[in-house]
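There are two complexes below, and they share subunit A, which is joined by subunit B in the first and by subunit C in the second.
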Partner chain A sequence: MILYDYVLSPDCYKIRLLAALTGAKLTLRAVDFHPGGEHRSPAFLAINPAGTIPVMQDASLTLTDSAAILTYVAARSGPAWLGDDTPEMRARVALWLAFAQRLSASIGKARTHDMLQKPADIVACRKAGVQCLREIEAALVERHLMGDAFLAGNRPTLADIACFPHSMLAPDGGISVDAYPAIRLWTRAIRALPGFVEMPGIHRLHDLKPEPAGVQA
Partner chain B sequence: MLPYWTPVALSRDLAPLVVMPVVVDGAELALWRSASGRIAAWADRCPHRGMRLSHGFVRGEALSCIYHGWSYAQSGQCQRIPAHPDLEPPEAIRVPVHRAMESGGVIWVALAEPAALPPALAGLVPLRSVTLDAPFDPAAAGLAESGGAWRGTLAGVAVAVLVQPLPENRCVLHVLADGAATPAALVDASRGVETLRRQAEEALA
Partner chain C sequence: MTDPIRDEWYPVALVSQLGPEGRDTRLLGEPVRVAWHGGAITVTSGGRSLPSQQRYGHVWACPGTPQRPLFDIPEADQPGRRLVDVGLVRVKCSPLRAVENFLDIAHFPFVHTDILGAEPHTEVGRYDVAIREEVDEVWATKVHFYQPQAAKSAAGGITTEYMYRVPAPTVSILYKTCPPRPGEWDVITLFVQPLDEELCEVWPWMALFDDDTPMTDLIHFQQTIFLQDRSILENQLPHRLPLDPGLEIPTRADLTSVAYRRWLKRRGYTYGAQLVAA
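Up next, the complex of A and B:
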């Protein structure tokens, strides 16, 4: 499985995260998204005419959408992540995979505006981002009341992987995450999963590791 | 500084090893819970380089700054500087510590000696905390003051609402609900909280 990847992209990171959690082997091809604009190069547009990342190639298959890539990696390497336990869980996974597009269009855009100087209506992006975070918070509160700790049910699924990165990275786009206690506990639960990997802006839970010994001069 | 207890979080939302930023009387604080369950409310500023301690992490009974790993004991005293492992940190390196207590499933902080205890909240369970980008008018929400909390019903469920004022006309509502309500009724009450927030913010717009 070849992943056309950019280290600062939340949508690329969610593929790397799922691969790490499921033990899937990825071959990473770094795309110089910024400042090089390699996603607009003729060579890249030949692979994905839309000029978006991530892109996955596996044998004759080319996937240009992060929800599709997540679904494929899970089906190949960790089918439990598809969340097929019940019709309700399956529907919730579909719901949050679609919802993640709203996160990209709000928090994602605010972030590329602030970090990479990409054009955006920053006020509208931040307002929409706050609305997204409020909806995730409300959903997590409801799931907790019904006895579940994750977005689609009582265990982590693609729903959580799809929505986790933007929920953590919102401050990069000037959107505070201070006001969401359920999101805080949920993102901690995801960061505690065995095999979890980091990206810039999303660090592991240092509290789970023993204190390192003093560095000797 | 206000001489009374301000509600800052539901106990449930501050699990062991969690640190979160809260605001009391305009002061930014890092609220955290140790591995053994002890809570503390500190100035949200590392004495070393001014980084927010609420970005830090809790290991055992100490809070560490995310920037250079300086760690602070329950007293606020710096106990370890990783870059100088053999140095006993001077006593002057100390984070200002505030009064914090838990009562009725709620965490309370006071910047000055409080005159009275927090209100009794018997028979209630924590529902959720929500932040409003608007002031809160309890009367408009159909709530009335009783025993130190705003009480009434949301979606047919008896609730008590505690208000934590924030700067810039914002506030946090800490909502507790009837402990005998079913989970499905509590879900409805949670949606009632959303409605209440929408109305407060639309009234401001």
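Up next, the complex of A and C:
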């Protein structure tokens, strides 16, 4: 599986994270998104006419949408992540995969605007981003009342992978996450998963590391 | 009369990325326009033409009257080096905070975990710091640190040697062990453009010996490092760099920072600094 990748892209990171959690082997092809704008080059547009990343190629398959890529990686390497326990769980996974597009269009755009000076209506992006975070917070609280710690049920699924990166990176775009305790607990649970990998702006949980040799707790 | 802040050279654009539309930006709170005129690049502010030049992949401008030439990086002209335009990153922090963070080693194991540092190798050994009066620059030398992946070209963990140099208030240059070419130094710079006292655009740039790593991977490696710093920098308090020595208690590992702050104060470079505790 070849992933056309950019280290700072939350949508590319989702794929790297799922691959790490499921043990899927990725071949990374670095795309010079910034400053080179390689995603707008004729060679890249021949692969993905939409000029977006991530893109995955595997044998005859070319996938240009992060939800499709997540679904494919899970189906290949970790079917449990598809969340097929019940019809309700499956539907919730589909819902949050679609919802993640709103995160990319709001928080994602605010972030590339503030960080890399990409054009955006920053006020509108931040406003829509706050609305998204409030919806995630409300959904997580509701799930907690049902006894579940994750977006689609009592275990992590693609729903969590799809919505986790932008939720954590919101401060990069000037959107505070201080007001959302359920999001904080949820992102902590994801960062504690075995095999978790980080990206710039999403730090690992240092307190889960073993104590250095010779140091008493 | 000279103004120690306005008379400095600042980066305002990346030559390779300056399109025909030019670039509207800011310098020290004032609007600045970088544009092509014929085959040349001009920098203007409020209808006034600013002294400008192209060097180290960037366009440099001086809002006042330059009192000295742009600092020299002789390695930039050394044959065989790859010159890497990493591209701008905007950071909501004092330009001086951005430089100071670049001079710090102690955060490596915690912020750049498994790349530039790793627990339990957290000790910063003794190193030398000097304000070199003859060139009016801050230098830190004989800095050693254990690094799991010191550079894209490093195969495994090595003890890396560093030298830090501050040739201008918003510029830092790092010389570090070059894994494929022992005896030479890799050059990694941080050029900081002060937009306001608490907002800057940072232009990392590198001159490396590395014939194997694709250019995009070199860019991504450095962007990864710097974006790990960004989320920390935006949360540092106070927002302006304190130059009042009574405000913080530095440790030995902070010697470079202490010298940098002292040098800024002595030069009267206070843009983005806090002189008296608020």
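In this section, the second predicted complex is superposed on the first by the 210 of 217 C-alpha atoms of A that agree within 3 Å, B and C clash if a C-alpha of one lies under 4 Å from a C-alpha of the other, contacts with A are read in each partner's own complex, and residues count from 1 in each chain.
Keep in mind that, in the parts below, a contact is a pair of C-beta atoms (placed from the backbone, for glycine too) under 8 Å apart; a residue touches a chain by one contact, two chains touch by 3 or more.
Since the structure is predicted, the reported quantities are computational estimates derived from the model, not experimental observations.
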Partner chain(s) touched by A:L116 [first = subunit B, second = subunit C, both, neither]: second
First, second, both or neither for A:V141, with subunit B first and subunit C second: first
First (subunit B), second (subunit C), both or neither touched by A:H206: both
Contacts of A:A182 with subunit B and subunit C, given as first, second, both or neither: first
Subunit B versus subunit C as contact partner of A:G51, first or second or both or neither: neither
Which superposed partner A:G78 touches (first subunit B, second subunit C, both, neither): neither
Contacts on subunit A seen with subunit B and repeated with subunit C across the two complexes: 203, 206, 212, 215
Contact set on subunit C toward subunit A in their complex: 14, 16-17, 85-90, 92, 110-111, 113, 119-120, 201, 214-217, 219-220, 223-224, 226-228, 230-231, 234
Complex contacts: residues of subunit B adjacent to subunit A: 9-10, 13, 15, 17-18, 20-21, 57-59, 64, 66, 82-83, 85-86, 127-131, 172, 183-184, 186-187, 190-191, 194
In the complex with subunit C, residue positions of subunit A that touch it: 6-8, 30-32, 34-36, 38, 114-117, 171-172, 174, 198-201, 203-204, 206, 209, 212-213, 215
Residues of subunit A touching subunit B in the complex: 134, 138, 141-142, 145-147, 178-179, 181-182, 184-185, 188, 203, 205-207, 211-212, 214-215
